[in-house]
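Report on one structure; see the data block that follows.
The chains carry the letters A, B, C and D, assigned in the order they are written, with residues numbered from 1 in each.
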């Protein structure tokens, strides 16, 4: 009996999930899809023979032919829909963020009440390179981790992106990755402005630099540059007492041409992380099949990432002050 | 309706296929398994809930709950079992080689009679790096391919390996990859002996060097070194008129420690090619589902690779003469 | 007529300079050497046939057979000896630092009074990789520089190294390199403590992280880790508006062995920067020959680096406050 | 007393040598220059203050102000001029080839009569990467060498280049490098034609592939591609019993821009090997100063390389037959 999955929100991410589940994940069948754009729903419903279109998210969640739900709709809808899944007793994979504010995220965690139904889509945890990075960093083979260097570069920001979005929408991946890498929560942050690129929208400071300190004392430098132009690129190095480890650029081929030897960058995150989404979905489905706790990020992880993002925004708005991360009580 | 698959032969390769199909391939269910070792069959039957144990390959092939068959049993059984699948009208994925000799392989191709039921397990075609290499080489962006350099290195040979095995059991992957890369069959070969490693069994010349010429005039240097000791490593570069392209070493992390910066080699082919097997199996299942021709190597490709292997053995036995490849008439 | 050079201080650095001048630099002859350790002087005097031993630095400076002087003696002697060279009207290449404090360095700059006689031994300016990095960063091909990432790692600290030494003795190279790379002085700094390595002496915070802001608004993250254990390693990346450029690890060979592909790290800075010293000395001698202004760092550059170092120490002692760099008036 | 050097032939190579000796080599002074093109001689004589112009090579060789001679004139003049140097009892650094044919080269060796005056300009021996490659290969750390892979690629051939020139003018570097790497002479060769590039002159087979066997049994694959278009590139890997070692691409910076990460290729051999020429010249001068045997390739090495080139041409002209290398008796 495969897991019957309903997918809410069929934008780039949601549609990718539907196709990945349908074509590359064992023991999963997409039975329902829905989107606020009726045309999108109809198209995907026609493409995926196993799936029919639900009229809206709530109907989909409560459908008897849906065992588990993926929420990939607009960020503002995540908290309400995830809470509805909890009420319906169904496992849900919610794209980040869990909620627009950490207070609202805390509300969802409270509603979940330890049931373990919510998984957060922090896909990097399933990227083989980041998984190996974490495994080496935590192995002790290089001594204790002391310092982490992160660079997160996109080609171009979405229209209307402002400085806060760079933190809550892009750097939030680092806010989950760093504690997961180190096994220690981020407790203190500060925000710093490099020279501003002359190529970016007016309301946007880009690039940005953040310092993140985890409870174990490790310091992380996190660069976010969402108009880096040259390609989509994520780098991470963990510096330990007797050695250092970093993720490699994942290339298939190297080309010599026109006076240069080179490898390619993708123009967005999808080619870079396609396989991590497949692995994430497979792990999620496998855990549902076997009744195991989710191996994905939890609602509490999502809450923690939101609280860090808010602390960084506070630092930015106060001219770079060091700010303590506060997680709302549940 | 998923494709119901029976797997014959549960050694390393066969057991891997069962687990991959079961845990990571969409639209597939393993319904039957069998092995000449009854204990192995029983273990895997117990591990995979959907699968029951057939008494032998022939029973499995003719089972009504088997839509498609994988042959991963001893090389000597491939031809007979593949022919039985053809007779039963069932798609079959046969591990290489199709048959011990090109004459026997030609018999299987004749028996298949154009039905397109047989796929050969030349998994490299589904490795993302080799797929990208081929795509770049055939794109014309670098002009026409002129020369190919291959190195194929294993850590250690199986006990009893002799010089012919290095050709028919290991280099045979190159005999399929080169024509697939270039879109042109191998027509002429010669075999050459580098200095023999002092660490290898007595009957084995290791490493070996082969020159392979395809019908388009491109020359390939193919090194096979099955006791290379340092790790499992496959390299390939295609030199074209205005540039060159090569597969990169597929690493996830780079480690700095003890005076060195380095990346790891796996000790055998499985970590290197695990994802290619998953993709191959998914592509095979997908083609069966949709009734499309197999995107895998065909029986005719398997026959061609066997004919090349025989020509190389002939060159070896004649002191390195240039030998024309002869494909038996069907 | 070759330039007749006297070398004061024959420790590792001074003795290297003598041998490089003698064996690999055109138009230079080492005529005098001296060291507070008489045995050392005698040994080098015997090794280098052209050189005789002076009784002390002052005598060497005023010797008629000395056209130009290299100061590689203890840091505490630099200011006095450099000033003596200025008084004698002789070009002098002084190892960093120019003086123990920026006030004393300012005194030397005042004494020099624009004569241009003093060069500072910031050898990285003559490293081909750093020179190319600067050339690309300043070319405008990648747009304007916005952000710089530096890592400076040594194997092991000298006995007795404390946290201030890591700044004034090691990071001081970055304090010269960054303004030289960007063509803009460092105006503001802050100091931050990553997790402290458990392997380092008690009085030492190691690693350290500094943020350096240049007048052009560019922000630099500078990691100094003087007990990094794995090897001597200096990395630098300049992130610009449309691209990024970094120095590569300078390797001659790559070795595959024992399950790894790897390159070596040297155990100290000398193999990494040997060629930069040769180029620096050749450039210095060439400028003296032709009467051109020194292409090396000047006394004023040395003063600026000392002022930055002091600001960083101030930040460290005040718990990481942002500190403005103050250059003493001359 | 520096070594007083005269340089015959002021084309690209000769003029480079003059400038390198003058500006970057210790203990050398260029006292005489000459070229069949009087304008060239005059220009360089004016540029280099220490040098005056000799009327021709013979006059230069016999000049009392010349201690040692560099021959960088046309290939056809090498044998006669080198022999004149021997007669004059002066050390001579002769660019390759020693002579147009191995018979003529043997005549020069005979004339030298063991005096050790002649050095051959096989500069790769002084490239730090090739030197390290040789050191690792001969260390035994990776077991015995078994197989060597060489690729030698230029951007574009000189007008009028034919297939023999690719062997005698370009691959001849490999014919010296391989025996030097392995410590064993080349005894047997064969020549093979990959697909011919459609971009090359009519009389030229390009690329070419050669198999070279040394007396120790090691086999070398040597690709020469003089119209490779993408850049000047020399690669070499030595495969040993328990590991492999290869020269790395010598890059100073890596650039990320326009969807690619890349490093540059030079457009000809000079930037790649500039430092090897400086080291070669310094080593040559140093040996003359100290009266030591030359650390450069000898006349006998030059003879051996010419004999290998002739054997490869013979193989080419006989359709790829295996040919034994014959060194003329002296």
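Just so we're on the same page, a contact is a pair of C-beta atoms (placed from the backbone, for glycine too) under 8 Å apart; a residue touches a chain by one contact, two chains touch by 3 or more.
If you're wondering where the values come from, they're calculated on a predicted model, not measured in any experiment.
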| Can you list every chain that touches chain A and also touches chain D? | B, C
| What pair in A-B, B-D or A-D shares over half of its contact pairs, by residue number, with C-D? | A-B
| remark: Between B-C and A-C, more contacting C-beta pairs sit at A-C
| task | Would you mind checking which chain's C-alpha centre is most distant from the centre of chain A? | result | D
| said: Averaging over Cα atoms per chain, report the distance between chain A and chain B in Å. | reply: 37
| Computed distance of Cα centres, chain C from chain A, in Å | 43
| Distance between the centres, which are taken as Cα means, of chain C and chain B, whole angstrom | 56
| remark: Residues in chain C with touches to at least two other chains are numbered 230, 242-244, 256-258, 263
| task | Note which residues of chain D are touching chain A in the complex, please. | result | 230-231, 233, 249, 256-265, 267
| message | Help me check something: in the complex, which residues belonging to chain D touch chain C? | response | 21-26, 28, 128-129, 131-133, 136, 141-142, 242-248, 250-258, 263, 275, 282, 286
| field | Residue ranges of chain C touching chain A (in the complex, touch as defined) | value | 143-147, 149, 151, 192-199, 207, 209, 211, 216-219, 221, 223, 225, 228-230, 239, 241-244, 320, 322
